[in-house]
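Chain naming follows the written order as A, B, C and D, and within any one chain the residues start at number 1.
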Amino acid sequence: MEIIANHRPLVAVAVSLVAAVAILLSRRHPNLRESWTLVAAVTKLAIVVSMLPGVLEGIVYESRSLEILPGWSLHLKTDPFGMVFALLAASLWIVTSLYSIGYMRAGGYTHQAGYFASFAVCVSSAIGIAFAANLATFFLFYEILTIATYPLVVHRRNDEAIGGGRKYLAYTLIAGQVLLVAILWAARLSPGASFSPGGFLAGTASPTSLRVLFVMFMIGIGVKAAIMPLHGWLPAAMVAPTPVSALLHAVAVVKAGTFGCVRIIGFVFGVDLVAELGMGTVLATFAAFTIVIASLRALGEDHLKRRLAYSTVSQLSYIVLGAALGSVTAIVGAIFHIAAHGFMKITLFFCAGSIYTKTHKEYIRDLKGLGRTMPVTFGAFTIGALGLAGMPLMAGFLSKWNLGLGALESGQPVVVFVLVLSGLLNFAYFFPIVHTAFFDGDGRGFRFDEASPLIWAPLALTAVFSIVLGVAPNYGFHFYELAQQAAASLFAPGPIMLAGGGS
Amino acid sequence: MPGFISRLSWVPLLAALLVLFYVARDFPRMGDPESPASTHVSPRYIEDSESKAGAPNMVTAVLADYRSYDTLGETVVILTAGLACLLVLGSFRRTRDEPEDAKLMVQGFGSDVLDATSRLLIPFIVLFAVYVVVHGHTSPGGGFQGGAIFAAGLMLVRLTRGKAKGLRLRAGVAVIIACAGIFIYLGTGLLSLIRGYQFLDYAALPLPYEGGHLREFGSLTVEVGVFIAVTAVLMLIFDVLTSGAEE
Amino acid sequence: MMENAPVLILLAPLTGALLIPLLGFRFGRAVTMASLVASLFFGLSSLAQSLSAGPVHYHLAGWSPPWGIEIVVDPLSGVVASLVSAMAVLAAMYSGPFLAGWTRRRAGTFYSVYCLLVSGLVGIVITGDLFNLYVFLEISSLSAYALLSTGGSRSIVAVFRYLLIGTVAASFYLLGVGYLYAMTGTLNMADMSARLPNDDVAVLVVAASFIVIGLAIKAALFPLHGWLPDAYTYAPGPVVGFIAAVMAKVSAYALYRILYYVFDPVGGPRQPIELLGWASVIAVVAGSLMALAQKDVQRMLAYSSIGQMGYIMLGIAIGSPLALTGAVLHVINHAVMKGCLFMAVNGVQWKVGVFRVREFAGMAKRLPWTMGAFTVAALSMVGLPPTAGFFSKYYLALAAIESGHLSFLFALVLSSLLGAVYFFRVIEYAYLKTNDEPIEADAGTEVRELDASMLVPVVALAALVLLLGIFNQTVVTMLVVPGLPS
Amino acid sequence: MTIEALSSVNYWLAALLFVIGLYGILAPPNLVRKLMGMNIMQTAVIVFFITLGYKDDATPPIARHGDHEPVVRNYINPLPHTLMLTAIVVSVSTTGVALALLIRIHRRFGTLSEPELLEKLK
């Protein structure tokens, strides 16, 4: 367990910021512009992966640069938990950029320079959030993410998009202010503290005020994590081009929310404190309700992307639920689900986008028989759907299994029931799609008629990986191992505690 | 809104008045020689004015020497006012439809009586103005007063015999003269600055005097500068105010 | 020469103002730039002096205070003075194209008055004498009236109202000073703070209240802000950026200087400061609300200035080191960002001839750099990291929590959100809407950026907004904290 | 007591003038009257300062001829007079600018009463 002062985390964040500038400057030359994106994406992933072995051996790469707030420097640090999110964001950025290039060209979209630039900034801030070692750094990137996502949401420039953008800003900016107040308060309670496993707020104030503080944190974070009733912006933001929805829902924004949620619970308050404040149960209840109700809403939606959005709302609450339950296994499940859900949900959105590009169909009822002409797309879709539903040997199963065990550990058997129920609901709202696609419609024979490979290759890739993640969860990025280490660090305050304390 | 204010404004005003009356108790008794104002800073002025600043007229001493920086600022205020009028009203040019009184302003109110009287008075006014300036050190007076009187004399000419008469100044020229006047003041200060003293420290002036006399001459130069500036600016303002519009 | 730097900060622009008529009006622009740059240089050098070797006291005419007048450049006044002359340089650069169409003499006069304005403001900042402060207050006000009045007939009416209210304010200030003089017999700030009776007798309270009222009017604090909106809305393009950026702030600075360096912040009269606190809270909210109601962008900015002055006053009123840090930091930040906003908007107005929010549709395509700068500054006004506005707001909010005034905190948060609403409205129009009804000035969406001499200041200020944000800790530790009252 | 009352009569006068001036600025609809109110207000301040300078049975602050060691008691305080010279100059300048503005307003709108002006500005 050693700490290495090393600016690789900072570089990993900076790469795509530089790329964003380069993209804006070369707005006249599409190919140059997109090669910037790809170069940056590959570099970023390379940097992040290069730190993986070290992190697995318990090395912490730490980068402290200039002081941004009294007592708080721009402090980036690679702990196993952050690594999960960083790897997810970095790897999915490559896939998404490939996909967007194909998608945006096929769709003939305008303002592409702005699009790719904001995309790059979003990914930067996601990495920044992943590696942030104190609240100030976290908040800095959190707000940058908020603003950088806005141009993506309103990308289509029509009234619907503008309306969605307004709703998005209204939710996220208000939440941002609440979060700011919470952070100020935390800064008063323990100035300049940095995230540490087990938290740093214990015993700094009366339980009541800590409860209020916790609620404020959860409101500030919960909007991005789309915990009901704070989820309203998410379906509205569906007006964005599909790759953006994919980014919003699989990688950057909502994951930043859930990630932050776990950060706050595990590294600011500490699981034990949350438990003894009795807030864990409250949060768990909210999460459970979100899981069920969002699934029901998904059932009611006929618009494909909006159904996926509601499915996201429900799936994200798995993660919040795991963190709220606060037992080792549950948290392993939660952290692992960040990765698993990322890959599966992005697959589903890519599929939606591919369908839209090819057929401009957005509603499920129109998908009759498409499976026979777009086998790759719907094959991938099926995989993703099964995975989310928690089918064994799929990534989703692993996280649910852990969540269930964790629930039993922390003596909440009712949660298991919720999980099973939501699994069934998942089947209920995904299976019809698959069925319509493959078995409905006129019996025309099989005919391969996909959109361009730039579109179907990425989604095939992610689909395959989400199977791999289920079969061999440690293959490649060692997500499961990272999750286990992160969870363990929360409960075994040993040397890790010291290291995490940013000593 | 203004109507509303005008109907209710007396309420806070009355309150303010009462407060002011109330606090008047705490002031030192009027004319009390032991009051802080009479005992702290001012004694030094009274004692040293003549010996150190070379001016029996203590007001002039304070004005042109101890607090000469204030006076510089005050002269600049006048210049600013002149330039402001120039910017607001533009310089002399006739309007197409010049109002009656403005016509009068242009030809003057001249009648024989006025004419004779003013011819008689004006030389004395000008003379008195100069006297007020140069005697500012030993008797009430100084650059501002002198300038004001001199300008009044010129205005009398303008009023009686028309704008064209009596040291006709075009706006640009007036501004230049005013700036030159202030520059005499500023230059005196800069001179002492260049000679390694503090700004406006008359002790630095290269004149064959020392002590009070030297300072007396320093402040006299300054007063002259003020006199020129004030005269020019007052004439400028008068001419601009009585001139037609630019558009 | 350097030992005279403090007085030269003021003499440079003053000399410039005199030289313009003497050398001939055609050199107006050159002389102005030269003198302002010189003033900035002397400001920075005396600031460096004060940071390294403690406050610099300069005794004018060689008479030691309290008999003579002294100039005091401590880190605080050094920073503000440098800020003023820096903004002045940028604004002078910006004003060029506006005055291109004027007659030579009018432009020259304009520049001369502009120099006088700068010297007046600098004089207020660096003086150590209460009455001298009044003199320079009047110089700056008169020149401001003159400059603002060049904005057309509507501006004339607004300026006349400004003149009346401004003179009332000055009289209030002077009467307050008179009360203090009656109690102490001195006008020198340091000497007076030593001689003021330390128990708050009624006279002190009234004197303090008069000074607070007077300077609060000049600083457009909420209930006394009546002159500001019209004066700024109809103000001419070349100067409104500068006047809106620094003028009210200098008055706020003077208030701060008097309340914390002349009066004893502990033993002195507290009531006026309490009053100031609540007034500024109302100002913060009311300013934002009124800005929300505006259709004209420049008027919107004017009202948002009222709210932002509330921030500064709030910091001054709370008075803890954190709060004062926040206030001074916000003086710097707000000067930069509001200057950027006004210059950008007036650039648009000058180039395309539109002011209403609706007419900004599609402006981002035509003036990409200008609107980019506008957006950066707007985000900073809303207070989003990493722009400068966030950090001063952070200090103020922290101070509000620390002092237990949660209502202050609430006001700050609320005004950020309102700011987000009215600024994003403009941004939305500029970037997302396309102008369906063609603007009478000229339709078309081809890129037609501002002239370099206007664009450079705007973009430079926008860049400064980001730099001030990212390196705020450097600014705070190096410049702001040394200036806090001991 | 009577002495006390008399002693602050000047302060009262100044206060009264000040408030009258303030009223004169707020109340009347005519801009010229407002301007007069402004001048009254400035005069009030001047009266106040001059009052501060006064000393019982002392002469104006000009050293009598040959009086080379002036005694503080014999001369009134010169400082307020100096300051008020400046204040007078300031008020003159302000009035000048104000008049210029008024002339311009009258030329443009043909009226000097605020209500009409506001009407015309709509």
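Here is the rule we use: a residue touches a chain if its C-beta (ideal position, glycine included) is under 8 Å from a C-beta of that chain, and two chains touch if they have at least 3 such contacts.
This one's a predicted model, so the numbers in the text were calculated from it and none came from an experiment.
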| item | value |
| --- | --- |
| Comparison of A-C and B-C by number of C-beta pairs in contact, larger one | B-C |
| Whole-Å separation of chain centres (CA-atom averages), chain A against chain D | 71 |
| Whole-Å gap separating chain A and chain C, where each centre is the average of the chain's CA atoms | 44 |
| Interchain centroid distance [CA atoms averaged], chain B/chain C, Å | 30 |
| For chain A paired with chain B, centre-to-centre distance based on mean C-alpha positions, whole Å | 74 |
| Junction residues of chain B, two or more chains touched | 20, 27, 35, 37-38, 41-42, 45, 67, 70, 73-74, 77, 80-81, 84, 88 |
| Interface hub residues of chain C, defined as touching at least two other chains | 131, 135, 138, 142, 145-146, 149, 156, 181-182, 187 |
| Residue numbers of chain D (touch at least two other chains) | 18, 22, 52, 79-80, 83, 86, 90, 93-94, 97, 101, 104 |
| Full enumeration of touching chain pairs | A-C, B-C, B-D, C-D |
| Residues on chain D engaged by chain C in the complex (per definition of touch) | 18, 21-22, 25, 31, 34-35, 38, 41-42, 44-45, 48-49, 52, 79-80, 83, 86-87, 90, 93-94, 97-98, 101-102, 104-105, 108-109, 117, 121 |
| Contact footprint of chain C on chain A as seen in their complex | 66-70, 139-140, 143-144, 146-147, 151, 154, 157, 161-162, 165-166, 169, 173-174, 176-177, 180-181, 184-185, 187-188 |
| Residues on chain B engaged by chain C in the complex (per definition of touch) | 19-20, 22-23, 26-28, 35-42, 44-45, 65-70, 73-74, 76-77, 79-81, 83-84, 86-88, 90-91, 172, 175-176, 179-180, 182-183, 186, 189-190, 193, 197-203 |
| Interfacial residue positions of chain C with respect to chain A in the complex | 379, 382, 384-386, 390-391, 394-395, 397-398, 401-402, 409, 413, 416-417, 420, 424, 428, 431-434, 470-474, 476 |
| Of chain C, residues touching chain D in the complex | 131, 135, 138, 142, 145-146, 149, 153-154, 156-157, 159-160, 163-164, 167-168, 170-171, 174-175, 178, 181-182, 187 |
